[in-house]
């Protein structure tokens, strides 16, 4: 039972569309479900949706395809939307075999099953500096869309050709929150944040070579941003940025 | 002229409370003011308020007291609120001599002059792990208050005595955005973010010794948070966190 | 001859169950065995059991399967229990061919042959933060069990859902020593140590991505723990933690 | 009320030495005391003694002398022993003025007031590599003594003159737990742990120059120890090591 | 004898303005001067002007004021211009006492004595991101001016207010080589290099706090610049940048 | 339309070789071409040639062969020269299939198509320390040649046999700008810069093992060069060095 | 012509065994050989033997097998001994095909061809801490042997079982110079250096996991050694250690 | 009793100059002296001279002046030479008050008292790159001289003016072992080692700024030296280098 379903039930009771006794029974049944489901190798957290507004998401990294498919089924059984991140083709095949309605986003390396969720208030813009940042940007975009947000993609607008990002000022200003994805020197979030008055979530990527040190250069650049309203998530953490953007967009 | 003043002017015109010609003259005068004012050693950015919703803030670090006082006067002359961060006693004395109405917050090491600004929608909670994190937490609190937010202080609730933060669940859940300040292992943001469904802005502090490496341990801990909705600002950057929290709270 | 066997022999002599001459002969034979056995590529340390309470353990990393099998046989020939850590399938096959009674623990990547060893005084609890920490947690568990301890596994109780670890307070408090395994931000040991009054051995894992830097983030978090009674072993060193836990549990 | 006092009260009731009504009143009074005492700038944790076997300890670093004196009085008011670490002369003077019975340990930079606490089972040995490691070693020693342990000091036995530590084999073997303090290359814990079968708590110190990097070299050396039974605490964390040693010695 | 003086002599001989014998004598005298002058604590390199186009410059860091004054006199005796960098007030006083015509640049912390040197072909622009970068920017400016270049100062144009640097496009484009000085995230060189087609010399500064790590963040950002024509010198090395800019501007 | 073509057109109009109307039409057509061409996954920047003097170059790293071939065709369609760096054999095959006139430089791992471009003023020398630095040195050489420069290759002249580089003094001195490529300790740029009076662009390579840390040792060595006129580009960034050298050589 | 051959020739002339004219011719021929031989991809340094006492050695890392074989032949053609380090099986096959008398040392991954060289004065001892350090230790041993030294191998004597190295005191003391190879905490050189009065060359190895960081822990430990007479070479640099040991042993 | 005195005694007995009984008595008395002398805060190691060829040296860093004076007296009482390193003026005054014959070397910050020690075989050359490296170079020189070596100082010969070091080839080649001291990029040892065939001991110094990181750049450069015969000691460790050079020069 998601927060939205809970709200609908209560509304229905208040408006007389459902009997109190029925609502009572329904709620009791729901509460009798353990908040965890123990699969031996994992505790699936079914109450996260109530605590945090979105159900548990499966980080594909370092889990076996079979384990992932098993967890996926439990999540869907409760009526939650499904999101598997960092899913290679082997994971996709294992999940697809069990969940035919699942969709694979190959650039984002994500698997999703959509469910009705509350819509965000405004738009989430997702800007990226270069072509190689696309997988991370798309992970953020897919995440935000699944969580009920309209997403505006503004890609390949790195600062070395500053007119590219300047020419997108209108689309950027129209967003309620902006995710900015960049590798190498990670300067794009500073420039974007100086142009708008909404929160900017900076995502460093491991794109680059030599002294980019797998994203450290971009991470440090973003942490030291001299612009207001910038905060940073982990290197390559498109999911985290999309999730936080959605949370802000639902305020 | 702040965005709010601009809005009020336009409303007044529409509602006939002010004549179009007068509004025209007033706007022209405003526009004639250069967006920058060049003091030789600095360009004061008077349009930041329009672009970013809050006027320029003075980072006290590495500027001479006289320079700071000079910039402060220009900002106040335009009717903006004043915020000087990282202000030692010498800076305070230089500013106070020129700006008698200024207030000094000694724990936060900040100087402020209040002005009417738009109020945030909900509350900003500011949690800190230990007593030594207070300067950074207070910098965030003073910043958020000056920017028009109600601030809830929840201090000394580090994870080594987990019941301390658990007992504050109600106050934390009541906030629209939470700033979490912590040094040493930096674990508090993860725990807080797991308890609520609003954005958590994590601020690592340089508190600690040995392998805390001046805040790196806390910074890394926060970047790697396994909880949703956590993003991170620079070490000891209370101002940045307070500013971002205000921005989110004004959405 | 293990310390236990030596004790048993002495007891038997004192109680008259064995003749002094026989004990003498037996001890002489034992002493005649060199404390080292030189295999050309390694010196097998047969007296470690006497010096340190447990015989030499084979770290599989960077040794050839044949070398490992050869060392394993020498250890078993002396009546010692066998533990090979970091053993891939090729090592398992080489050892199994020579030691049919060996057991392979695939999650822990360990090979064991049990022998009677002195039992620990209480329980060793092994807690882990996430599913991906299982290999390290199991290496600790298998090690502690082989060394004569009752092990309580408490897995997938990371701090992002703090009620998971809180609901295990009873099992944690019942242990005499606790091993806590965590990657990413490594916050679990602080929380656990704040709940109990027994030693907590923290094991950072290389689980994570981006700024986890192969376990450095978790390592630093644990070293900076603000809770009492926490000490740390090397990244991914489940064996070391299990061994130390056993040593403490045998005090 | 310490755990020991609680136990004594219950024993007295069972044995009829105290009336149930009196015990009831006494326990009620105790429970009415808030587990925290809020001093505005700190929450003094009076129940830590119950949860963790030893009351709250004051880390002097980054707190004002007056604040420390104020917290010290609250701790002593409840009948707890007092320990202030990292206490400079100014802190000592502030505390001494309010607590005349306090003792200052100048090498350890610690302030203590002794109280009756349960005695540890065996001895705690504290070994140090060089003369410059003394402040950290003494912090560990003072901590362990205050917590009820007999402490054996074995100083200046670094590995560059290996016979020094070898000649202390008897005293080391007689301990139930050993704290080993070393800077520079941090090799002493490995050598000690190879000689005994009890837990070794390694404390890296920031002693050294150049590539010792403020203790990192010693820290890494200790984390990579090839000997069994070694775990590590933070650089210069003599208190943490002494506290953990006491905890193990009370098992 | 500078390269220009040598050229003038040769021209004079060719044009008959000076007799071959006189030129011969003059050159012999010059050659008889040792290329080094040994002051005991330093070897003054008088031929550097011939090899590298500019005489030896004195890095004030880590030399005694008296030593610096002594070297300064030797350099001036040969008719070379004088440049002392990183010169505090004590150095200034020691040099001024011996060299009354010397000039002190207090922001740049540099001491100079001008001499006629060949003029650069075009202009050297020096841009800086913030007010706190001024000392490094001025060190570059003073160096380039002393070496015969027209310098265009474009200060306080950091990327967080991108219109500031955009509005300086004309002055930037008019330069033959540009030095860009920036701390914090170090993004300015990328933006500038994307706007022009001349070499950009990036100078990271140690300005910033927290994760700026004394200029490492800016350094890494600049090394990873995605724009063409950017190269980097050491942190705070204004002298090196000014010197290289002059070298390029003399091509 | 390259800057050279634009110049030629204007000259032709001035000299009456082309009619104003025709020039007008031609320029209009050119301007009607969007400065960007959006391929969905990338924005090809056709005006870079005008802004920066050389058209967009394709960094092969992290792009699919098909994407690279598609971008290559658009660049060639506009009459620009083509340069693809970090191109493996698969990329070469994809590009070659579409662009038969392309040339593959296997040591440099680069693909080029030559076009008439303005010639540089002097020579670009490219020196390398060891045989293993060849791929990076050749990337610089191929880049500089394509951009219209005469290139002098001076390879395998590392400082451990100092006479090797000394014997090349004449060829080095004859260059207008020098690229120096070195791994391991990265000392060659200092030695070369001390011998000449032209700019030295230092390129650290990831060649080496152990404490070379993938080029960090060489990078730091070069940043700390005590010689004048040295600046540094990213590790292994032969392209960046060749491009900057060309830019300087066209001044 | 090696230094020994040169000496023999001069002795023969002095003693009348060879005619001055013949020696003259022979020396002229030798000198006519260029000190370098340019293979296009490498400059083979044939005079290194004269300058440094041993001919050029081929580092196999990052060179093609064919290149290595070609360089090997040139070295052997001049009568020099051959040493190829870091030679995989493919390199061995390429060299063996051209040089049938070559020998492959598979643990050391080295290829050698022996020649008569001057003998060292005493013995070179090579000690290693663990079995996994063997490849590096053997590289040192093979190098030293080829360069004319008697080598004493003392393997698997790590400090965790301190009696192992103590029992080798006689063999260690008998050496004129000692190479000590160790990974993990790298403590063995300190212990060895404290037992002897000859130079100890410490070689850190990349053996270990977690916080050993590919040999950094061992490297730092060795640099910070508190014992006299220890110096350090690069991580895994067995060749460098063997070569230096030989140089010292030939003094 | 030093090794030399012991040898003299034995020679005298063999040659009949001393009676066996007297030698016996003398040796007995010597042996009765404990190898350690326990001062409470330090164990003075009087047998180091026998084990390592030179008596204990006092590292002044982190010891109180009184402690140092006390240890100094014990060392002199046994007839050993005295060396105190890292001795500030306060230490010098404390020692001088007790040891009037002591000499202070202010550049080297060392205190010495000479005694007759065995002379080294050849010369020790000590080269330094710049003026600021003098304190470290002099520490090495003073150490080597005290230990019985002729020292050749070759200062201020950094690689940026390569002819400076080339012109010292004769003096360098005449040494039996060379200490090379350099900060910044640390390239000098590679160049020197390429010119000679004797061991080169490289000492990185913390001289430099910015990315020199307190000597790390120089340290890494030296560890990665591509020249034969180079080994490295800790940053600023002039004493260690001088001591090792003496040890090699006494072989």
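Things to note:
Chains here go by letter, A, B, C, D, E, F, G and H, matching the order in which they are written, and residues are numbered from 1 within each.
Basically, a contact is a pair of C-beta atoms (placed from the backbone, for glycine too) under 8 Å apart; a residue touches a chain by one contact, two chains touch by 3 or more.
Just so you know, these numbers come straight off a predicted model, no measurement behind them.
Chains that touch both chain D and chain F: G, H.
For chain D, the chain with the farthest CA centroid is F. Because chain A and chain F carry the same sequence, their contact can be compared by residue number, and under half of the numbers here are used by both. Of all chains, the one whose mean C-alpha position sits at the greatest distance from that of chain E is C. Rotation angle, chain C onto chain E, C-alpha superposition: 180 degrees, expressed as a multiple of 5. Between chain E and chain F, the centres computed from C-alpha atoms are 27 Å apart. Chain H has its Cα centroid 40 Å from the Cα centroid of chain E. Centroids of chain E and chain G (each the mean of its C-alpha atoms) stand 45 Å apart.
Multi-chain contact residues of chain H, defined as those touching 2 or more other chains: 51, 161, 194-195, 210-212, 216, 219, 223-224, 228, 234-235.
Interchain contacts (touch definition given at top) occur between A-B, A-C, A-E, A-F, B-C, B-D, B-E, C-D, C-G, D-G, D-H, E-F, E-H, F-G, F-H, G-H.
Here chain C touches chain B in the complex through residues 129-130, 158-162, 166, 184-187, 190-191, 193-195, 208, 210-213, 216-218, 220-228, going by the rule given at the top.
Those residues of chain F that touch chain E in the complex are listed here as 51-54, 57, 121, 176-177, 194-199, 201, 219, 223-224, 228-235, 240-241, 243-244, 247-248, 251.
Chain A makes touch with chain F in their complex at residues 131-132, 134, 155-157, 161, 163-164, 207, 209-212. In the complex of the two chains, the chain E residues touching chain H come out as 35-36, 41-43, 45, 48, 51, 61-63, 67, 204, 206, 215-216, 219, 234-237.
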